[in-house]
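Structures for review follow.
Note that subunit A is present in both complexes that follow, paired respectively with subunit B and with subunit C.
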Partner chain A sequence: MNTTEKSPATEEPKAAPTQARRTPPEVVTSIVLGILGITLALGFTSPFAIIKGRQAVAKIDEDPARYDGRPLAMVGQVLGIVGTVWLVAWLVLSFTVGFAGIDMFDVLRTALNQALGPNAIVYALAAIGLNVHFGYTGLLNFGQAGFMAVGAYGLAVTVVTWDQPFVLGILVALLAPVLLALVLGVPTLRLRADYLAIATIATAEILRLVFGAVETKSVFGGSNGLNNYAGTYQDANIFRTWDVFNPGGALGFDRLDLWIMSFSKRDLWSMVIGWLLVALCCLVVWALMRSPWGRLLRAIREDEDAVRSLGKNVFAYKMQALVLGGLFGGLAGLYLALKQASVVPSDYSTNMTFLAFVALLIGGAARVAGPVIGAMILWFLISGMREFFEQATAGADPVMPTWLMDNTQASLIRFVAVGLGLMLLMIFRPQGIFGDRREIAIDGR
Partner chain B sequence: MAADLGKTARPDLTGIEHVPGSKKPDAIVVGDHITRQFGGLKAVDVGHIEIQRGVITALIGPNGAGKTTLFNLLTGFDTPDTGEWSFNGHPLARVVPHKVARLGMVRTFQLTKVLAKLSVIENMRLGAKGQSGESFLKAALPFLWRSEEARNTERADELLARFKLDAKREDFAGSLSGGQRKLLEMARALMVDPELIMLDEPMAGVNPALKQSLLGHVKSLRDEGRTVLFVEHDMDMVRDISDWVIVMAQGQIVAEGTPDAVMADPAVIDAYLGAHHDTDLSEMDEKALEAEAEAELEAELHDTETKGS
Partner chain C sequence: MRQRVFTLVSVVFFLLLLQPANAFAETTSPSASPTAPSGTPSDEGAEEPLPDGDYIRVTLTDRDKGGAPVPDVRLTVAAVEEGSEPEDVGEDVTDDQGIAIIETPGPGTYVVTLDEDTLPDGVELNDATSTELEITARLGGATNAAFPIGTQAVNEVPFSEKFSVAMMSGIKFGLLVALAALGLSLIFGTTGLTNFAHGELITLGALLAYVFNRGIGLPVIVAGIAAVVASAFFGWAQDKALWAPLRRRGTGLIAMMIVSIGFGLFLRNVFQYTIGSSRKSLSEYVNQGRRDYGPISLADKELAIIVISLVTITITCIVLMRTRLGKAMRAVSDNPALSASSGMKVDRVISNVWILGTALTGLSGVLLAINSQINFLMGFKLLLLVFAGVTLGGLGTIWGALFGSMVIGIMVEVGPLFGVPSSIKEVGALVVLILVLLVRPQGILGRRERIG
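What follows is the complex of A and B.
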């Protein structure tokens, strides 16, 4: 492969010796990353500046007749080395003695706790659903929060408002998103993909507003939502009475401390249930997507008419995918309702859907583990950044200059960073972490 | 292959009248009063059409004659304003596309619709009919569909070998050339095992080397007992392989007949072929182009010389 590509490249300069030499793009990338590294990016981009700089130098040396800008590439590399040394020193100092009032160990611990904790599980489940919709079938569902809401309220309303048993509540919570998918799918799935996007986002907002409305307070509890339904779930917590190290006796500690992580018993129980659910959903997706059924969905994602011309009922398959993904969404809502023991309408805003999409895109769409890894990375980043910025802006004399950022902005800046990161991801690695680049590269029909 | 496709002798078409909408001895498709209006334009206005079973029928006509629209209407991809038509005696008005395909009437597209991000063999497997692994409830249990999948794969491999695509088996279909895509689409349509295969411009964008083999493949479809209906602009191909030609212009069928008869018909020549239909236009063009290019080159050379001095 390499040899065939090289030969025309080396011949070209001889054929056109007067052609102006140009600077390889890696040079510019290296310098930009290097400058960012020693200023805004706190050293985190510096290692990449070195890599890009080395690539640029290699390219120039291989074909000096076509490329110039070697000195600039060296500048980029040097900037990268300076930034990296600074980054390493800074990290080592932060972890050992604490640096400039920021406890990096604490930041890391918060980030890891959240990456493995119940919040990440909620987003992982929601993103698995979106993966079935968007990743495999190409359905643009912008209303995953709506599926989550009907799942959560299905349980809460059954148990609290109607005073029915917990098990029935779970059943209702699983049935509600299926019904929602059918209601949404019948009118929109025959139309173009855009209509589903519009219908789902509108429906999710309508549901949230209805659940939070004053007029329906007697059923849905208004903006305060509902609680006191998760008793059965909390009572089933094995960590309350059961001790791994001392069978029969009560657990001898309040929190599980694992040096770099620490979880309460309540969270621990939610994590056991949650990760089991995630594993189960991944198993289902994996088993389905390697079958002819999964092949059909991927075919529909690409070209519905081609699939129709082969005698397949496209509408039915899109509906099945919508129901399955919606069910995963409902499961995410149900799990959220159980782990925080209350349902509040504001939890099910459009933000929920979009962050679940971010998780899916980070991990890589149309990959079984993509949404799970994506949700963990997302929560690692946003909770780590919150902790970092909060510490940096805390106290009477904060590390961060107040003209740059104050304490009230600290928890918001992480979403700016997530947005920026997502843009960079789409530019440099559109397939996400697990995606297949070749699949993205092929776009011809 | 389907058992009901008997390898009988090719039907004799000599007795059929050469008039638009003529009766055929054994018609597989019969249509009446099919019209489709786009705004003020009547794209299709076909009074009566019959397609003979077991032969290759070509549908020709100038651009905008309504050939592709008629294709879309017949296969359910578009709905006509009026009209009814039947396939094997089965009425097809308002039947959705996938049901039309299941009845044994499968089409390909003018702009090929191979599934670029699926491998060639997956494209083929997708075509197989009645797969139990495509049922949601059985999909997660591989032991229910594995043997069926193996049978389909075997059939797919045979077809790939026949269409000389076996070397590309594991490649993404998106990496195929235009001609190979046409071949793959045809092979995939055969996985459905259709009685009538409808090819929308099978030669468009295919290089001359591949054209001959494509012609052979289309003929082989007829020889194994299938009916072929195709839309084409390439007159050589029409003359070469079609048994019967239907000419459309401005939405209507203007002439019908054997290829030689149709091409001699003055009405057709005027409407469609033009005065130069017997000379090879492509050759003429080439010579003219060459002369033009040479003149241009000379002018350019002269230009740079004067600038340089």
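What follows is the complex of A and C.
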């Protein structure tokens, strides 16, 4: 890796600003239009969000000393693009396929529900962990599903198999990924990137196979997994007993309707806990990565040997990064186990790691918000696509000709698209939406 | 300023929150429950302990032992529809009461198949028993079914015989892995790409054989040859359309590796899209009796598989050792820049490597299809074993790939004799993979160089 001309790991020396840099007003306009576009305005304001975003970027690039807020301008543009794509798809389909065929409202509702719902949170947490590994330290960990599995099983086994209190289960769930990181890291962190990838993916598969084996059924519950451990978590659901949104009114509501979205009380509780966790993790990552410790991690990513020659113990820092990212992964597993109220070994397959990587790469590695935005966009797209094609193939006389696609095939299209998307993303925009191309450790050694 | 943006954003969200709970209620149809897609988007359906929807509860009993339950036997349920092939819907392992619960999509006719390999040791089905049971689920919810089987005790086979049987299937499996590993090793050696889509190239071979055989109606042998040729073409096309442009752009190796993950995901789902998730078999050589050859007994097809792989591997090795092409491949793998500057067409050599590598891998898939069945995940499940074989022998060395794969194949098949639980017999190979990476990352036959 070359480090001569650029050193993104160290903070840019600020050229003694004579006046505070300000955000051009176009940025705000673009973001507001973008948000309106994907929510209330049904996409109609989105093209304008792109235009305003472009103007803002041009203005900032022209005079970077006076203006900042480029990432926000990019957010506006991206929101605009998402909304415009949706608008075009919606209009084209409504008029060509006919209104009877596909209810685009339904598609949007499902997509938004999933983008804000618990599933996106699971992937956001997992991707935050991968961000620490891959984005900041350059460790290619393909075994994130393994960290998630030990987190989830840590809780379930403690509560169900060993019959211990819930709180102890949470502690075990947080301790298990740390232990896994230590055991995995001591030998493998010395390996080259591709070897590390193979070693971690193999570890995750070993864990999944052992958890699902018939022989260990008495401990891990075999292929059916474990359940009946999340009672404490569900009982703590504030929405069950107390109507936060309607104090004094009739107690209890079945579902919360937010514009076209709708969440059950159970999901709502999971979302509150989940987004708090995500915020907390982001805060930790943000704080750590601007510290000297974080700068050192990025330096390791850029040139390990250079850091070593400065007398730093690279191995120890890599290990700390592996533990921290693994802990976030374990948290993702723990959260998945809580919100789903059952742990099933087949959930923790390699696909899960790959999808978490996709989420990270969409948002942009080595950015605090990258994995979170990425997970939301990923879930928006894949659940929207699923709903769309399910509707297109449903019924006796489906919109889509059956020789082309039937109902069982409809749910596969999104993964075909995810695969293609990952390839295209890696080829054309490896830095994702927010990232910096020079900061992605993809050049190999 | 930044602050103002966030205030605005939060105001918008707050407005959304303030929407009266029922303002848009008419747009939310209650039938579509948006929270339904729970869990992960993984393709494997999660089995719930007691599913909410429709399921079949099968009780497996041994009628020769007065209806005693038979635990730990894998049952697979496939939906049967007139005019189409059975489609797998799920599988489960029977518990202590002999009960297995399998979720089904709804009412219909299903066939429950028993996996004979999972029967307890020393027990075999007797002649009066079929391994299949047809069930008609008329109503939603639970459908209960009893599955009585008859078993007979078989004479405990002496260890030496068990060992030779396991050894033989280990050698066969090892050779199949070796073919794929050779392909992976060739491609890795010349391009440095750790190809995570390699498992899909195995599946592709098997799938093409299936298409040529069942779809076009060619005999299995012709279909197999055609599948290998088509695989070779796919290798060429893949290099031309994807990898060569990436090399020209100077894309890093890790980026290419991630691209190969995407490509693998793409291919895997395209395969599932085209052939569905059930297991398929070819039209010929499905069930063959075994013949005795001295201490071992082999079916004809198994013998053919062993011979074909041995011959192919030998020819490949001779080609790589003796011919100009082989020399060129080794030169490029050693030092691409030097080869290019001494007048070799590096891109042509790499293209040839892709053709050869994918053809070998495709052949491995074809032979696997003849050996057992075809499934869209078959290659992906083998991928880590192939990696294990290649790494054990030493990445990028031909003999290493061969040697490592044989060790892995034999270990996987012989392991259960020495107490490795048979349902996770692959774990041993993966543990070896990790241990080798730790102790001797260059592999047993690899050259010593700093790679860690």
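Points to keep in mind about this one:
Here is the rule we go by: the second predicted complex is superposed on the first by the 329 of 445 C-alpha atoms of A that agree within 3 Å, B and C clash if a C-alpha of one lies under 4 Å from a C-alpha of the other, contacts with A are read in each partner's own complex, and residues count from 1 in each chain.
As a working rule, a residue touches a chain if its C-beta (ideal position, glycine included) is under 8 Å from a C-beta of that chain, and two chains touch if they have at least 3 such contacts.
What you see is a predicted model; the values in this text were computed from it and never measured.
Considered on the superposed subunit A, subunit B and subunit C are sterically compatible, since they fit side by side.
In the overlay built on the shared chain, the residue A:Q144 is in contact with neither subunit B nor subunit C. When both complexes are overlaid on chain A, the residue A:D303 reaches subunit B alone and has no touch with subunit C. In the superposition on chain A, contact of A:G311 is made with subunit B only, not with subunit C. Of the two partner chains, subunit C is the only one that A:D106 touches; subunit B does not reach it.
Minimum Cα separation between subunit B and subunit C in the superposed model: 9 Å.
Contacts of subunit A with subunit B, set against its contacts with subunit C after fitting on chain A, overlap at residues 442-444. The touching residues of subunit A, when paired with subunit C in their complex, are 22-23, 27-28, 31-32, 35-36, 39, 69, 72, 105-106, 109-110, 113-114, 117, 119, 122, 140, 187-188, 190-195, 197-199, 201-203, 205-206, 209-210, 213-215, 222-225, 227, 245-246, 253, 255-264, 267, 336, 340, 342, 344, 346-347, 349, 351-352, 354-355, 357, 361, 382-383, 386, 408-409, 412-416, 418-427, 430, 441-444.
Subunit B meets subunit A in the complex at residues 75, 77, 96-99, 101-102, 106-109, 111-118, 122, 125-127, 129, 131, 133-136, 139-140, 142, 145, 149, 172, 174-175, 188-189, 191-192.
For subunit C in complex with subunit A, the residues that touch the partner chain are 1-2, 4-5, 8-9, 12, 16-17, 19, 21-25, 27-29, 32, 34-35, 37-49, 72, 87, 92-93, 192, 194, 246, 249, 251-255, 257-259, 261-270, 272-273, 276, 384, 387-388, 391, 421, 423-424, 426-427, 430-431, 433-434, 437-438, 441, 451-452. Interface residues of subunit A, counted against subunit B in their complex, comprise 284, 287-288, 290-296, 298-299, 302-303, 305-314, 317, 320, 324, 438-439, 442-445.
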